[in-house]
Structure formats: structure tokens, C-alpha cells
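Chains here go by letter, A, B and C, matching the order in which they are written, and residues are numbered from 1 within each.
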Amino acid sequence: MKADHALRGAVEALLFVSDEPVSVSTVSRLVGARPTEVERALQTLSEEYRDAERGFQLREVAGGWRLYTHPAFHDTIEEYVLSWDTRRLSQAALEALAVVAYHQPVTRQGVNAIRGVNSEAVLSSLVEKGLVREMGRDPGAGNAILYVTTRTFLEKFGLKDLGELPPLEEFAPDPKTESAIKERLSAIEGPPLAEDDEPAEID
Amino acid sequence: MSYQVATEIFEGPFDLLLHLVSKRKLDVNAISIADVAGEYVEHIERMRELDLDVASDFLLVAATLLEIKAASLLPQPELFLDEEFEDLSPEEARELLVVRLLTYKTFKNVALELGARMESEARMHPRQAGLEERFLKLMPDFLEGITLRGLAVICADLLHRREVFLLQAGHVAAVPISLDLHVDRVAKTLAASGRTTFGELVSAGCSVAEFVVTFLAILELYKRGDVEIAQSTAFGDIELVAVGPRERKEEGS
Amino acid sequence: MKADHALRGAVEALLFVSDEPVSVSTVSRLVGARPTEVERALQTLSEEYRDAERGFQLREVAGGWRLYTHPAFHDTIEEYVLSWDTRRLSQAALEALAVVAYHQPVTRQGVNAIRGVNSEAVLSSLVEKGLVREMGRDPGAGNAILYVTTRTFLEKFGLKDLGELPPLEEFAPDPKTESAIKERLSAIEGPPLAEDDEPAEID
């Protein structure tokens, strides 16, 4: 049936771009079909994949439906993932990651401003490694891409959410250094720098 | 670049010229180089009226067109401004311009194709859903040996370094003093009283920087023709007399 | 055939976890099959997806194979794929990109010469977008920086390699346009214009 095919394709495309289980109600809303129809399409897809011995399968798990690779190919995928570039993170990458973690969402310009050097290459390598991802754009900054950390990042550090990051204040320079900075700042007449000379916000 | 506003309509001199030679009906051999040159110059004038800074690229092509036009009306050897067009006869310059326009048109066409391609491509989303949990642990641990604490220290340290940098930059360059602001201040004083002196403009407690910037402000106003400067004795005070707005006012009254 | 199915499934599973185009040689190494077999499996998969009107498709881009959603479902998933880059390139950027694509490696002066306008800003924005990169210098042109297109360019424009760019000759102005340009720049004094002259389309 033509209509069935269109619905099936839309559901498939949606599952394809998702990296977490999608609920029937979400699918239903996005593809504009009744939940029962969606449910049936999901069942059909799942059977189709199984019958055709595809490399992936559609499973219903907590929270909805999600595409998974077929367990039969576990070893092949394992070998593939193990072959990924194993070079450790450079100091530059660690700095950029730290800035994104604490200032997210942040634009590349924001990262540049804090690090004082161009961070383009280093950010893309973090994206490649799945530690940082793009999330939308900042209309206030010429639609610059905003970067956030990924779920992989949280998992690697065993964090439930970003609120669990240790507060930065704990790691601020000691009070002596801080007061020295303040003194020197106040010794200069007028505002230290015009507002718009500051490329980024520190908070 | 200041002609960016203009580029919304024309991407450059070739784009404008291409537009001009294209817009007439094709089968009528109606428009001459003289017309094109005329219209081209008109366009540039309009851009200027709109307060758009006309880039030198546009002017260069205008000059070349006018040279060709002049030469075709009154044939005589002329020199062209562009290095590339230099030492060329009007005929050669024209040929070169035709070749350049044809090449540009080719790439304009390609650009159109690329734009369409990119758009249709954006309707296809690559698979990048990330690894399933069971493979995550297999991924090389890029963060091996890195602790959260370590990350926090790195971030705090960066912020600290930035503060120190800004502090030192502020220290070395002192507080930036806006010249524009001082020009305004001097101009206002002059507008109010018609005349003043350097001594009146700077107070005893002024920093050296303020002395300098006030002096620069006076020079700026002098350059604009808004002020006349006199210094009757060496090292004496500098006297300033307003020129511009006052005179206009007197003319009006 | 059983063996064929196993190979097909393994290839599918690999493509499924990859976040970049995978080359035939990589697949061949991982699944332990000859490149020609892999090539055939990829072709078969691509056709299967197309014939079954699946929500995704298999395409050859930038030196490898990668799974994509089918364009027919873009509108459905657009909302779901938040970070998708929807910005278009300006005409200026596309022109400069076209020059780099066809004339690479090319200097900024080379791009300027064809566009008749300074292309510095537009080139740096292309570099920033990762579509163009610097590659060495031209000793013959005062050590000017040479620009080439990137792999991202191939991916974003759905090209297997640069050889897939349509021949430049196809885009040369048609004879009508060409003669119009020549005539208008050479006619010394044309007859007065008729009132009802319509604007011509030159393409």
C-alpha cells in the first residue's frame, strides 16, 4: 500500500537519526499518524528487518523504540571501533573540552576568547571523538554554532548531569592571588577595557 | 568591507557589468559600449548616493569602460589604470574585458549549480547517532587518566590566565582614551564659545595621555577645517578659533 | 544465499555505527571479504533500500559509503534534528567556492581575478566553514597561500570525488549570451533603443 510505505519510510527516517529510544507518541506527533498506525508500522519494520536478516534490528526498550546493530555482528563492530584512532587528547583539546564543559552552550569564538588561541581544529576533533557536539546556533552571535558536551562525556565521568560538575570556584586561584589582581585592577583609572572589546563573557 | 551592502545586489564589478550588458533584448544590437559605460557610471553614482563606499574594483572597471568609450569615439592611444589593462590598446582592453566577463559568467553559473546541490544535499541527514552503550567502552578512552578535578583545574586556570592577560594588556596600553570622544568635547567647547585655547582644554591634573589625545583632537578638527590654529609665541598657548558651523550660521543670519 | 546475507548484514552493521563515509578497503578488511565482493554488497544494499522505498539510503560520497535519510522525509525529521545546518551560502561564497573547486590549488589573487572583486573575507569564511583549506604556498606567486577544497566539501555537496564535478564547459555562457556580451562591449554607437524592449534572459 502506498500510504503504508510513506508512513513506514517516515518512521524509519526518524528512528535513523535518533540515538535514543523514541516513544510511539513522539513518532505519532512528528509523522502525523495515529498511535495505532505507528505501532503497527513499528512492528512491521521490526519483522521486516528480522526476516531479511538485516545488520540492524528494531527493538522496543524502556522509553520507546530504537534501532540497534544485530548482535550477530558484534565482533566485526568491535574490531571496527577498536581500530579508531587511539591517540590521547592533546593539552589543547583538554582545554577546549574544559571550557565547553563549564561554559556550555558556547560558540567557537567563546572558546577562542577564553583560551586566547584559535580552537577550530581542536573543537572538530572533540566532535569527532564524540565528546562534544553541535547544538543549535546563537542568534545573538551571528548564528555561530553552539557547542555542548555529549552523553558520552557524562558517562565517561560517571556524571548524572552537568550540575554534578565540581564548582569552578573551588579551583580558582588562591585568595592572595585574587586580591592582588583586584588591587591592580583598581589601580587603573576608568574601566579596564571597553565592554565590547571583550569577546566573551566569563561567568 | 564597506561595499558589502552593495554586494547584496551585485557581487562585484563584473556582476554589475554583466547585468548591464544582459538586461537588454538580445536580438537588438542596440546598446553600445557608450551606453554601458554610461549606465555603469550611473549605478556607481547611485551607490554613492546611498552612501555605499564604492570599492576600487568598481571604479577600476568604470575607468576601463570610459577609456574604451573615449577611445571608440575618438580613437587615440590611451593608458589604462589597471596593471593588467596597462599597455593595452583599447581594442585589446575590450577583448580582455570580454574574456573576463565570459569567465566570470561561467563561474556564476557554476555557483548557481553548487547552491542548488547544497540545498538538495541538506535534505539528506547522515547517520551519526553515536555508539550503542555496549560499544562505548570499546571506544579508545580519550579521557584516560583525566579526572573531573583535572578538567576543573584546567578551566579555572584558563580563566585566571585570561584575567591576568587582560590586566596586563590594560596595564601596558593604559586605559584606551577615545579620540572621537575628545574631538567631540573640543568641538562642543568651540561651538559654545567660538574660541578657546589648548590651556583651557587641558586641566592641570591631566595625564600625559590626555594632553596627547587633546592635541590630536585639535589636529583632527584642523584637518576637517573646523578650526583655525594660532600660536603667537614659541611654547605659548595654542589659540583655537571655530570656523565651520559659525560661518554658516553667520551666512544664514 | 547464506554467505551473501552474512556479508550484507556485516556491511550494514558497520555502516550503521560509522559517523563518516567508510571506504571499501576498510569494510573489506573488517568483514574479511574481497573488495569486489564488498563493492557488490554495497551496490546491492543501495538498490534494495531504493527499491523498497526505505526511509534511508546508501550513497557513495567523499571516498566512501555512508547511510543517509531519504530526502522525502526531510520535513518530518527536520524538527527532530535540531542542530542541522540550514544556513545557505551567499552568492559570493558560492562563486569563490566554485573557483576554488575548479581551479585548485588556487591563490586568493586567482579567485579575485575571476570574480573581479576582492575575495579575502569570503575565502576566510569558507575556510571557517571547513569547505576550503589552505594547502601550501605558490612560490611562483610571491609565496601566496594556495587554497583547495576539503573532504567536508565533497560530503556537503554529495560528491564521490572532485572528478564528479560537472565539467566547467557545461556552464560556459551560451552562444547567445557570449555574442551579446561581445557586441555590447564593442558596438560603438548603437541605434536608439525601442521603447518596448524587454529585459532579456541571458543564461
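The definition used in the following text is that a contact is a pair of C-beta atoms (placed from the backbone, for glycine too) under 8 Å apart; a residue touches a chain by one contact, two chains touch by 3 or more.
Computed from a prediction, not measured in an experiment: that's the story for all the values here.
Q: Which chain is most central here if centres come from C-alpha coordinates alone?
A: Looking at where each chain's C-alpha mean falls, the closest to the middle is C.
Q: Which chain maximises the distance between its CA centroid and that of chain C?
A: Looking at centroid distances, B is the chain farthest away.
Q: Which integer distance in Å separates the CA centroid of chain B from that of chain C?
A: Those two chain centres are 31 Å apart.
Q: I'd like to verify one number: the distance from the centre of chain A to the centre of chain B, where each centre is the average of its C-alpha atoms, in whole angstrom.
A: Whole-Å distance between the two chain centres: 38.
Q: Cα centroid separation between chain A and chain C, in whole Å?
A: Those two chain centres are 27 Å apart.
Q: Do you know which chain B residues sit against two or more other chains?
A: Residues 125, 127, 130-132, 135.
Q: So which stretches of chain A touch two or more other chains?
A: 13, 16-18, 67, 69, 77, 81, 130
Q: Residues of chain C touching chain A in their complex?
A: 5, 8-19, 30-31, 53-56, 67, 69-70, 72-73, 76-77, 79-83, 85, 87, 128, 130
Q: With touch defined as at the start, can you tell me which chain C residues reach chain B in the complex?
A: Within the complex, chain C contacts chain B at residues 15-19, 56-57, 59, 66-71, 74, 77, 81, 84-86, 88-89, 91-92, 94-95, 97-99, 101-102, 113-118, 121, 155-158, 166, 168, 171-173, 176-178, 180-194, 197-200, 202-203.
Q: Using the touch definition from the top, list the residues of chain B that touch chain C in their complex.
A: My answer: residues 1, 7, 11-15, 18, 21-26, 28-36, 55, 57, 61, 68, 72-73, 94, 97-98, 100-115, 117-128, 130-132, 135.
Q: In the complex, go through chain B and note every residue touching chain A.
A: So the residues of chain B in touch with chain A come to 125, 127, 129-132, 134-136, 138-144, 146, 148-167, 169-171, 174-176.
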